[in-house]
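There are two complexes below, and they share chain A, which is joined by chain B in the first and by chain C in the second.
So, the complex of A and B:
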């Protein structure tokens, strides 16, 4: 920051080009090359965080009523994007190997029989937000094949790819596809800073042209100050080491969380065991509503994201929760999980006492949270 | 910047609240108070430049086919916003006292007779971009009365209000209205830096709630680094002096431009004489197309914005141009205007020679550029 102030303050405070500085694009390429991708500079646009990349892609591609497909659960920040452009959003379930591409194929087949086709398939293939699971290489290949065969665009959102704590890196969809059908979204939020709001999209020229027009109408250009800050950072040449140190820190925090969950969560709960990223996804008994549970947890000064935020219809996922292990120390994580576990166990015991004493019927079966359910957002809802 | 790095680097690099930090809102209030306004903090949202404020307001309020009214010419950056939300945009002409509010009233009356009403009226009342003219106090009062009487929202976009070089300040529409029907858009781009991308909107609670939802979906939050930078700047307490020095510099540049126009532009041209802001708007003979003229001027290494960019239909304004006097020194301005004037005079002489020698008919009369012409953007155009 001091260098910017001394050497380039005037430029750093001026407008920049809509698509971002060439130097920023070069930094983006360097980051993507670390995962085996080599996009053309002219296919890159620098955005105000990855969130804006998502928004601009949806703005470019989605007309009201268009079909969009994403994972179940999906990134909670994608839900309002799909809703605001009035997409008919279908969510495809996941297991430990990520999105069930076989069910995606069935969905596409069913849509095709109605003469319809998704505008795009949105996926966070590595260390998914919120589920923490990773799409297997075999499924990645099938997904890219499906995209080519059916001529459907895939949005690959990859904020966490470099944050792997065990196992081998999987090829990004963009690399497998070569940039024909895969539009890539990246961000510096998880490997440098979210507060500078720097992300990017990589898309083929006809889509990129529209995204750039949208970007101009939306905020003219990405902060020059932020771009200069990022360039100074990458210019120091220590960014790989920094990510290495993040991996060490986050791995130990993940381990602390998984151990604490084993110890403090009741046996009726299950959760994912992520190989990277920031999140664990826990699934609780059907009769637990995590929005209610959050209110109780907040009284104990601990928070999580209720699972319903990861579903477009807001009715599913209510017995699940997203737990973040990147933002707190291992000790804080242990204590936080202990407190949530205590509140949760209390609820479980209360329910079991009531149902066994009074022989209450089980609550009506929810739609299985893995089902593929279309949902059309109400018109104009933000 | 050094202070941020030393004292609050960790916070400056983290996410911030969607609506902006309380301290940033306090700075916004301080800036607005300098023009006589006192918004409530909860009515303020900090945005990624004023451009995002405009975009979010349109996103919140406009459904396809809705009527939007703006000035003719209007801010070129507003045109793609209105088009991307598929508004039917009507442009009301201006004179030296700004928007012809009498013609606005006629338009509203005509729309009312069809059972229609504008979603909002968009105006840059002070030192308008691109025309440089300022809405008179009498017309400001009539505009606010009209808004109350017909219950129509007005978007007041005021980037240049503090950059007045002569005459007395006019009350902002927001002040006259009290925040009932006027939504206010401000920015730090012209009084601090455009490269930090900080703007804001002030709107009543029901609208603000939707704008905040849109902001969250669009880019989560405004750059924390930029907000901290702005706060350090305002914390130094010299911002009024800095604006004072900007006024001095820009006044002399404006004077240089007006003198150079008198000297170098042919008598067939007319132009506005702004009391503030950054722009002069020149109107040339009908047979001059400023897009063609720009190509010739660029060969002389000087540029301007062709007037057609300030009209939603792209057919009008082609004989006008926006000239900026803030970004170059007085000497550069004199030389730049001289070069444009030379290219222009050549075109005028050529035309007059041809028409007098060959008695060519006058080109078909354009629609008078002051007329109120509705224009519906093609569906989905960005």
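So, the complex of A and C:
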């Protein structure tokens, strides 16, 4: 910071080009090369976070009533974007291998029979926010094929690709497609810091032109001060090491979370086992509403994101939750999961008590009332 | 005067409180008072002792704010405060207690039964569901005894929906009410120093009921103030509100929420000891309809607080 102030004060405090400095684009290319992509500099635009890239793309492509397709659940921050441009948003279910591309095909077919076609398909293929799952290579190929065959744009939003803790890297959609139908969105938020607000989009020239026009109208250019700061960081040449250290830290936190979930969540719950990224997605019995459960968890000073935020209709997903393992220490994670597990188990038992027709006295299993949380033996050991 | 504005706190209605407080602070400043905003955290008492305010404006909502807790602290510190006193706050916050008092005072309130979670866990309260549904019918309203802003309020359309609704409501409080559903119009009467202000009708635009989002997002609910009601009905509604205010021992102000059933009879749901003061809130809206602007309202509320303290001291000596 001090160095920027001394050496580049004049430039750092001026407007810059709308699409970002050449040096920033070179840094973007370097980051993308780490995942096997090599975009042309003129296809890159530097934005105020990946969030702005999403907003500009939607602004450019979507007219009210247009169809947009995304995953179910989808990135909660994308929901207000699609809504504000009045898109008709369809959500395609996922499993452990990411978006069900077969169901996506069916959806496109159905739309085609009505003479309609999505404006774009929005996907977070790697370590998805919020579900934590990753699109398999086979499905990536099919998705790109579908895009070519049906001439549909795909938005690949990839903030977490470099944060892999196990398994082999998967080719980004952008690489598989060569930049014909895939618009790529990246960010420094998860590999440097979210506060500097640097993201980018890579798009073919006709789309890029419109995005740049939109950018001009919105904020003229991305903060030059932030770009200088990012360049300073990449100039030091230690960014790969830094990501390496993040991976180490996050891997152990993820392991702590998965272990704690096994230990403290009731058998009625299921959850994803992410190979990277920041999130685990847990699905609870359908009679549990996680916005209500959150009220109970907050009294124990723990929080999670209720799943409904990841659905456009705000109704589905009410029995699911997103857990973030990046921002707390392993010990805090274990304690937090224990507390959520305790309030959840309490609600599950309550439901079962209320619904069971033959409530036999089970003194050994009865929970003490009040704030005391009973110790639960790990599954399999009891 | 030096006015401490108590705000925030850790309740689920914290955000609402911050919005109420922001508006109150602006008004107090333009009235020429010295404004000292205080976030209600573990330093609350210490801050109050240091500050020695002439009066405290309580802009807290929900448990921990309008349940008598800060009121009790202000009593012991000898700081006059706005709104109802400790006992009235306790009565308003607890919907079960409030409904018993209303019933005793002959104020109409929908029939209900209430249990805590122990009744379900240990006494098999769920086995009484048959009797409960025979008495209250469906849809059945299930809600936590102590919460606000419609959080945890569920409607069960049939027996199948009851367990889920109970689990939701019991996430907010250990005690829940099962209440007879009153179809009709949703009304709110704010009472200022014992006098009912013009009646507000709230008509949610999309949702079939008045939930948290509808309440605080501008444009989600249509408000009509004064509500378009025949004179005799309006008089009944105001009367029910005044009687609720006195039955619960309120002073300063309170907002009474009620349903007007399809026969035009009011049924009181609850009283709020510290109604919201945000831009979309009903109390300021009603005051405005009575020709009392926001600044004047704030000024009246402060005066009432100081008067009440004076009266209490006079009766003690």
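Operating definition for what follows: the second predicted complex is superposed on the first by the 356 of 382 C-alpha atoms of A that agree within 3 Å, B and C clash if a C-alpha of one lies under 4 Å from a C-alpha of the other, contacts with A are read in each partner's own complex, and residues count from 1 in each chain.
The rule is simple: a contact is a pair of C-beta atoms (placed from the backbone, for glycine too) under 8 Å apart; a residue touches a chain by one contact, two chains touch by 3 or more.
The shown structure was predicted, so the numbers you read here are calculated from the model rather than taken from an experiment.
A.B. asks: Looking at A:318 after the superposition, I want to know if it touches chain B, chain C, both of them or none. Which is it: first, second, both, neither?
C.D. replies: After superposing on A, A:318 lies clear of both chain B and chain C.
A.B. asks: Check the residue A:355 against both partner chains and state whether it touches chain B (first), chain C (second), both, or neither.
C.D. replies: second
A.B. asks: Touching A:288 in the superposition: chain B (first), chain C (second), both, neither?
C.D. replies: second
A.B. asks: Which partner, chain B or chain C, is in contact with more residues of chain A?
C.D. replies: Partner with more touched residues of chain A: B.
A.B. asks: Just checking: does A:296 make contact with chain B only, chain C only, both, or neither of them? Give me first, second, both or neither.
C.D. replies: Second partner only, chain C.
A.B. asks: For A:347 in the superposed arrangement: first (chain B), second (chain C), both or neither?
C.D. replies: Only chain C is touched by A:347; chain B is not.
A.B. asks: Who does A:18 touch here: chain B (first), chain C (second), both, or neither?
C.D. replies: Neither partner.
A.B. asks: Taking the two structures together, which residues of chain A meet both chain B and chain C?
C.D. replies: Comparing the two interfaces on chain A, one with chain B and one with chain C, no residues are shared.
A.B. asks: Write out the stretch or stretches of chain B touching chain A in their complex.
C.D. replies: So the residues of chain B touching chain A come out as 1-2, 4-5, 9, 11-16, 48-49, 51-52, 55, 59-60, 63, 77, 80-81, 84, 192-197, 210, 213-214, 216-226, 229, 379-380, 382.
A.B. asks: Under the stated contact criterion, what part of chain C meets chain A in this complex?
C.D. replies: 12, 117-118, 120-122, 124, 126, 151-152, 162-164, 166-172
A.B. asks: If you look only at chain A, which of its residues touch chain C in the complex?
C.D. replies: For chain A paired with chain C, touching residues are 287-289, 292-293, 295-296, 298, 347, 349-351, 353-355, 359, 366-367, 369.
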